[in-house]
Amino acid sequence: MTNVSIMTFNILSILPILILSGFGMIVLLVDVLSSRRLGEKNLLAYISLIGIILAAIFARSPAGTTLFSFNESFAIDNYSLFFNFIFLLSTGLTILISHSYIKREEINHGEYYALILFSTIGMMLMAAGADLLNIFIGLEVMSISIYILTGFKRSKLISNEASLKYFLLGAFATGFLLYGISLVYGSTGAINLKQIASFIASKGGISDPVLLMGMGLIIIGLGFKVASVPFHAWVPDVYEGAPTAITAFMSVGPKAAGFAAFLRILITAFGSAHDEWQKIIYILAILTMTTGNVIAIAQTNIKRMLAYSSIAHAGYLLIALVSANDMGVSGTLFYMLAYTFMNIGAFAIVIVLSRKGDEFIQINDYAGLGFKHPLLALAMTLFMFSMAGVPPTAGFVGKFYIFSAAIKSGYIGLAVIGVINSVISVYYYLRITVIMYMKEPTREFAPLTISPLIVAAIAISVIGTLHLGIFPSKVMEIAQQATLMLK
Amino acid sequence: MLNLVALILLFPLIGTVINGLAGKRLRKETVGYLACGAIGLSFLVSFMVFIGLLQLPPDERLFEKHLFRWIESGSFISAAALQVDPLSVVMILVITGVGFLIHLYSIGYMHHDKGYHRYFCYLNLFVFSMLLLVLSNNFLLMFIGWEAVGLCSYLLIGFWFEKKSASDAAKKAFVVNRVGDFGFALGIMLIFLTFHSIDFTEVFSAVSHGNFEKGSFTVTMITLLLFIGATGKSAQIPLYTWLPDAMEGPTPVSALIHAATMVTAGVYMIARCNALYLLSPFTMTVVASIGVITALFAASVGLVQNDIKRVLAYSTISQLGYMFLACGVGAFTAGVFHLMTHAFFKALLFLASGSVIHALSGEQDIRKMGGLKPHIPVTYKTFLIGTVAIAGIPPFAGFFSKDEILLEALVRGNFIYWSLGAFAALLTAFYMFRLLFMTFHGECRVDHHAMEHLHESPKNMTLPLVALAGLSFVGGFFGIPGANALEHFLAPVLGGHGHTEVRGAVSAGHHGAWLPYLMMVISTAIALVGIFLAYQMYIKKPGLSKKLAERFRLIHKLLLNKYYVDEIYDAIFINPTKKISTQVLWKVIDVRMIDGSVNGIAWLVGRIGSVLRHLQTGYIRNYAFYIVVGCILIIVLAVFGR
Amino acid sequence: MPMLSLVTFFPVIGVFFILFMDSRRKELVRVTTLLVSIVVFVLSLPLYFNFNAHAYEMQFVEKLPWIPSFGINYHVGVDGISLFLILLTTFLMPISILASWHITKHVKEYMIAMLVLETGMVGVFISLDLFLFYVFWELMLIPMYLLIGIWGGPRRIYAAIKFFLYTMTGSVFMLLAIIALYFLNYRATGNYTFNLLEFYRLELSFAVQFWLFIAFALAFAIKVPMFPFHTWLPDAHVEAPTAGSVILAGVLLKMGTYGFVRFCLPLFPEASHAFIPVISWMAIVGIIYGALVSMVQDDLKKLVAYSSVSHLGFIMLGIFAFNIQGIEGGITQMINHGLSTGALFLVVGMLYERRHTRMIADFGGLTRQMPVFATFFMIVTLSSIGLPGLNGFVGEFLILVGTFKSRILYASIATSGIILAAVYMLWMFQRVMFHEITHEENKKLTDVSKREFAILLPLIIVIFWIGIYPSSFLRKMDASVNHLLRQTGEGVNSVSRLQKQNKQTMPQIDIVSETKTEWE
Amino acid sequence: MLAYLFYIVAAITVTTAVYLIFEKNPVFGALYLIQTMVSLAVLYILLEAQFVAAVQIIVYAGAIMVLFLFVIMLLNLDIGEETKNALPYQRIPAILMGIALFTIICIVIRSKLLQGKQDQYTTAFVQGVGNTKLIGNLLFTEYLLPFEITSILLFVAAIGAIMLAKRKL
Amino acid sequence: MITITHYLVLSAILFTVGVIGVLIRRNAIIIFMCIELMLNAVNLSFVACAHYLNSMQGQLFVFFTMTVAAAEAAVGLAIIVAVFRNKETINIDDINIMKW
């Protein structure tokens, strides 16, 4: 047995994962044990939050530097830590906004929290995975959890349909991803990203068409997860059908995880084949943002609109991916963080304004909100402007970052298309504010019952959006450090 | 004493400010006398300045008073500084003198008007502006005065703003003047570009140092541009159309602004720039030609007009034409001389006509007058003096000045100028006496309603009439051949180019010394012929004019409608502009094309969005199909796209 | 004392006060806002008095690191060019707030928007860091958009969105150009910075200048607005509340012209020279076209809006004359236009408050009822026409002199604009104020109230002041404008060569090879 | 000999796969798929992957497909289930696309292959240790993390299946 | 001699057939089975590559793939059951409330 390599096992490196899975179980246990008596089940949310906070506390490199454990298949570097932070943040925010929502929708089961925590584990694995296997497993853990969460309102046909669509298409795309992985494996003999990279480097670049095809198929698989056109089609339907809190989660966490894996694979493994994949991503970026923005204009349902907007944002992030320089990577990190705040914030407001069985998700239902609930409207306005990329918000700095990256690498055409798109996007984001402030209300606003948790979520989102917009410096520095680790 | 020059400006300004801000609360008498007093004081100071100037040796009669730096930008410097020299002194004396009389007259004339204080505020402002115009020491400051008098003219023409015709006329005056100002402004810029300065002294000294050869293109352009300005302000062809309409204003305003002072600004300006003009023979020809044509043209229109003030207006245009003729042939002194005498008798005529209108409760149509002589004797007498003066009967003021212009036109210009000028003089004598006869002589056509109120004007109105009549009588002696007081006085400004030289040349021989005297005789004869014709047509055979009118119906109609110039302008400039602006620029280019394309793009994007959203069919199989298509494309791109 | 920051952010402090006020106590909110804006104005006065007219360097400079990893600083300062625009902003603000007294709907929100707007506007004029500039530039869009959209007229939504999108469209390209400059500067100096003053020292190839100029110019031209990017303006003006129009015309439009002076000319001198014909012709067309279209409007606000197109054409023409008269005239005219067009909008607003119509045909003969108002209106009209002795003339004439010095043809055509100005303004004035009163409603009109008097009087005073004694303004900007000319002048000699080059080949920007950094 | 076996098994695999996609009855479809999987297991053995082959039959063909059959039965689907066809026009393009995809893959595969790094697990080596043992070793050393995560995955799947399918919670 | 190409072509055929099946079938379960077919094709490819590379990673990957497939099957079938409960059909052409 001498020829079996000694495992480089570092339990600390997966401590956050362990914590989350532990808390996932605890939630389930508490749920079962306390099932009828607890009634409100507030406890579950708090337990989950504690788990997230603990995970966040321990989500750091034990040695303070990059650490590869599990046979170099799991990387604890600033990059994955940053993404871990994004995941935990989005999970935390999602739990905050879920609390009242699931109670109202009567899907208040312990599994809900557990699944969110488990899917976070998947995301963390995707971000930290340094080989294709880990990334794949992480992706599946995340996806399957979310398939279930999407269908969580099981008595609602719309939720079932979303779940089915997401599931079938997701599995279909997984097929492509796997096929890609197998071809990459076949032509390099490795599934570890670094080994792939060194293999490609030893050949002086990619000349093997099989490898290229494998790469292309991986792009498809991950492109599906990040909602890139033409693999985006599931997004609007699923976003619309899923429970709103899960939509918020889905638009942030898995997308971030997808990009985490995307960047790591393309840059770490295929970094020297930049020329080969950049043209694909280039086209995807253009298609994605344009399609997302243009169709979003035609939407009347706010969840659908946010879905298309989410597609568009994926397009912007793909710009950063194309530029593939240090700025692109740190830009992606920053943008994802910013997007987490503003998007979850927006969905939180959608949740606050909706009622059971009467979701009020038509944009026109927001008429007159501006002066009826000024603070909510103000927050929504902030998020909309942030998504549109208007200073001084996080969205602006993020876009600025991404376009900088593109220009730095000389992709001026892409940057131009990007900014044109962001102008188009202004139109539909603006329409929300228009309707909130400039239209007369068409319905009575019932007095809202706002739970403190969701208020906290909105407050965190507002503060985050503004803070990243006005004082982005600290986060930027962290994001920049993160990029040094990738190569 | 010369240092007092700023006071000349200050008094009317104070009058303006007080009447403007507080006039509403003051008693009418206070307002009137305040305004009059301001101008009176101004006149006194002007006179003191005049004395002061006289005490200097002729060659040093130039005084500059720097007030403050106005616009300074790089090398472009325009100070707020005043300049006193013989030319400006003559002007300020005329302005304040005639102005004072007209103010005095206005107290009575405007007594019943609701906007009494407003009127005097404007009138004082006008005097201030006009003084600024003639006292400034650089082109730009002069331009301020130039525009400001235009503004006052606008305000005063539109004084009775509730009358549509009045406000239309006001606007027209301002706009037409602006067209002229366009030239003036460009002229100033070109001067700045050429001379790197816009100070009179610097510009003219640069000229006199002979840096420019005669007839150089730049100077021709400068002078032509300035002349455009002059045609606007002094109502020459083609920009004269505003002046007849300006008669919508109160009559004293017509007297002061549209006869005596403002309209002569163009002449003043050309005289001021004589050094420049003399360098450009071409411009001189243009000036002279425009002048003489205007003189004749306006006179011909004047023949058939029936509105008492309009006749005077056309006569003003015609007389201004004479002044330009004089300037154009190089006889600047003669121009200024005529300017002065014209100020006297035309102010007189207007005020007298105002008195007539006043007497007839606002009636202006001479066909509804006649036989007024016994009812308003003072007015009649003064009007007669004015008419005689303008017709050119010795020894009245107009005779000397007009005769001198005609002489100069012949001597320095050519026979055509002279003959056209002389013919215009004939017409002038004719239509002025036609006016006189139809107003004061013959049968009375006044309707009985107005007849009841017929009365002679009060003292404060007749007094200025008498004073002006006196001036019209003696005014000519300032420039009487032989004494030539005015000529000598103006010589430092209008210099060697004045007509002494010509006189000298004349007397030295080309035509012999007898020529001036012969011309005097001929002029007088022409005037007499005109008067005789008028007498024949309107006193002896009152029906003759109608017969003639029917005989030459076409010409008569043409003249009566002022050659349809207004209509032509409307048809060529105004209506097409409005139409194009509305129908093409606004409705098509702006709304349809530019805005249309902007909205069109927005619409298109939205449309594409609503079309593309249908790709989102909701069918899983479609979505999977997209994935497969994307997959194939990506693989092709990845593998074969190199 | 961080004077500039104080002026910029004091309104935000005010916002915090107002935020905690009961929105039903409208009077309190109004008075507080007014006081805040007056304090800001008073705070801005020392800028004028302590300004050293002999130095072209930025004064009152404050520099703090903001986003050090990008080399972004909070870097503000004032020179002779921006000084007056700041003062104009702080001066117009109390007036606009006073003119908003009649707003009864959502007073608190309105006042907050106004104060935030002030911060944004002042920020634009003082920023010396391009990133900071862009932030303020966009920031000020939001309150303006809300002002138009919430408190505007019947088509307010269309106008607000149009305003926002139009401006945004231009400015995003500017953002790209700013980023490009950032990398170009890095390549040249090895410094990551957005410092404008460092960018000034950058020597760019003509091709790069060409494209960057276009990107910047587009943003500014839309803001100015230059023909043919002007169509947002009439809509925005017509729908905006009075104070919005005043601010829009008074300050926001100046940002475009200011941008040209501050950024386009000194950063891209050669390209700017090469673009003289293009910009000048656009300006000239704007002058004539704006005037002609303005002439035939039947809505007062639209008329004034189109007149702005014409007036700003003059400013642009002056700036692109590239000499001291032209640029000083341009800057003066920026202030003048702010005052006179602002005042015109106020006047129109007063009419609208009384009659709830802006159609010229609904008025006529108002002088009889409102003599004091008529006087104010007349002065403002004349100032807009450019009557000598009032402010408009100084700027306009300097511009024309400047243009005349460089291109006689342009000046000659542009001068005809002053004729047209007289036509449309006086015609409008005549139709509104003169004639008999034809509408019964107009017989009941009251003359200006004390508040309205207080609104207009300061404007009138400044209108006369600039007209009669412009030196107090011109002198302060001399040094800066001269410096600007030195900055741009260096390009002049080589411009003919460059233009020749330009004709041969369309410039191709080569940032790709110039900035491309491989993944290390 | 092995080549013939390969061809025969491959033919069976493809045939059953094609039957699967054209079979109306889902029960038969499932059976075809099971057949495909079993054939694949044979191929795995040809490729000396005994453990995988075993798992293929036990887990895949056995457990998973039984689950499928179970659900099909549970839902009691009739054969006419697919009567509604909203996208009849997609059939031909879909097949063409599939063929195109296949063609492209073939073109790619035909080029050069297997330049990848050769690893140490030669046939001889594997036979020396034993395929299953080797895999087990690797799973608990190098691939411990994914292996453990798989537990979470299955846990999630279990929760999910209960959550979604249980009639009453 | 059976080379890796043979296996890979076979894998490609199976994959393609699976893809076509997803595109043309309307029964959710059959579609899911087609997806399983695709996964099997991939597994074949993994094992073949592993074999010819003398590597174990491929086989391990297949192991994980199968696990994932099992998990997916559980969840996917549960979803289908849930849909069927509410809709009484699993024809995906009927499952089309959300679109555009």
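Should a chain be cited, it is by its letter among A, B, C, D and E, assigned in written order, with residues numbered from 1 in that chain.
Throughout what follows, a residue touches a chain if its C-beta (ideal position, glycine included) is under 8 Å from a C-beta of that chain, and two chains touch if they have at least 3 such contacts.
The UniProt protein names, listed by chain, are A = NADH-quinone oxidoreductase subunit N; B = NADH-quinone oxidoreductase subunit L; C = NADH-quinone oxidoreductase subunit M; D = NADH-quinone oxidoreductase subunit J; E = NADH-quinone oxidoreductase subunit K.
Predicted model only: the values in this text are computed from it and were never measured.
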Chains in simultaneous contact with chain A and chain D: B, E
Distance-maximising chain from chain D - centres being C-alpha averages: B
Highest C-beta pair count, chain pair: D-E
Interchain centroid distance [CA atoms averaged], chain A/chain C, Å: 42
Mean-CA-position distance for chain E and chain C (Å): 63
Intercentroid distance (Cα basis), chain E paired with chain D, Å: 6
Chain B and chain E, separation of their C-alpha mean positions in angstrom: 96
Where chain A touches two or more other chains, by residue: 133, 137, 140, 144, 147-148, 151, 154, 163-165, 168, 172, 185-186, 189-190, 209, 212-213, 236-237, 298, 427
Interface hub residues of chain B, defined as touching at least two other chains: 602, 613, 616, 618-622, 624-625, 628-629, 631, 635, 639
Sites on chain E at which at least two other chains make contact: 4, 8, 15, 18-19, 22-24, 26, 31-32, 48-50, 53, 55, 57, 60, 64, 68, 71-72, 75, 78-80, 82, 85, 92-93, 95-100
Chain pairs that touch, as defined at the top of this document: A-B, A-C, A-D, A-E, B-C, B-D, B-E, D-E
Residues on chain A engaged by chain D in the complex (per definition of touch): 1, 3-7, 9, 14, 17, 21, 28, 70-71, 73-74, 109, 111, 114-115, 118-119, 121, 125, 133-134, 137-138, 140-141, 144-145, 147-148, 151-152, 154, 163, 185-190, 195, 199, 203, 208-210, 212-213
Residues on chain E engaged by chain A in the complex (per definition of touch): 4, 8, 15, 18-19, 22, 28, 31-32, 35, 38-39, 41-42, 45-46, 48-50, 53, 55, 57-58, 60-61, 64-65, 68, 71-72, 75-76, 78-80, 82-83, 85-87, 92, 95-100
Chain A contact footprint on chain C (complex, rising order): 65-70, 106, 109, 131, 134-136, 138-139, 141-142, 145-146, 149-150, 156-157, 160-161, 164-165, 168-169, 172-173, 175-176, 179-180, 182-183, 509, 511-517, 519-520
In the complex, chain D residues that touch chain B: 86-87, 90, 93-94, 97-98, 100-101, 104-105, 108
Touching residues (chain side chain C, partner chain B) in the complex: 162, 165-166, 228, 230-232, 289, 292-293, 295-297, 323-325, 328-329, 365, 367-368, 371, 375, 382, 387-389, 393-394, 397-398, 400-401, 404-405, 408, 411-412, 415-416, 418-419, 422-423, 426-427, 430, 433-436, 468-471, 474-475, 478, 482
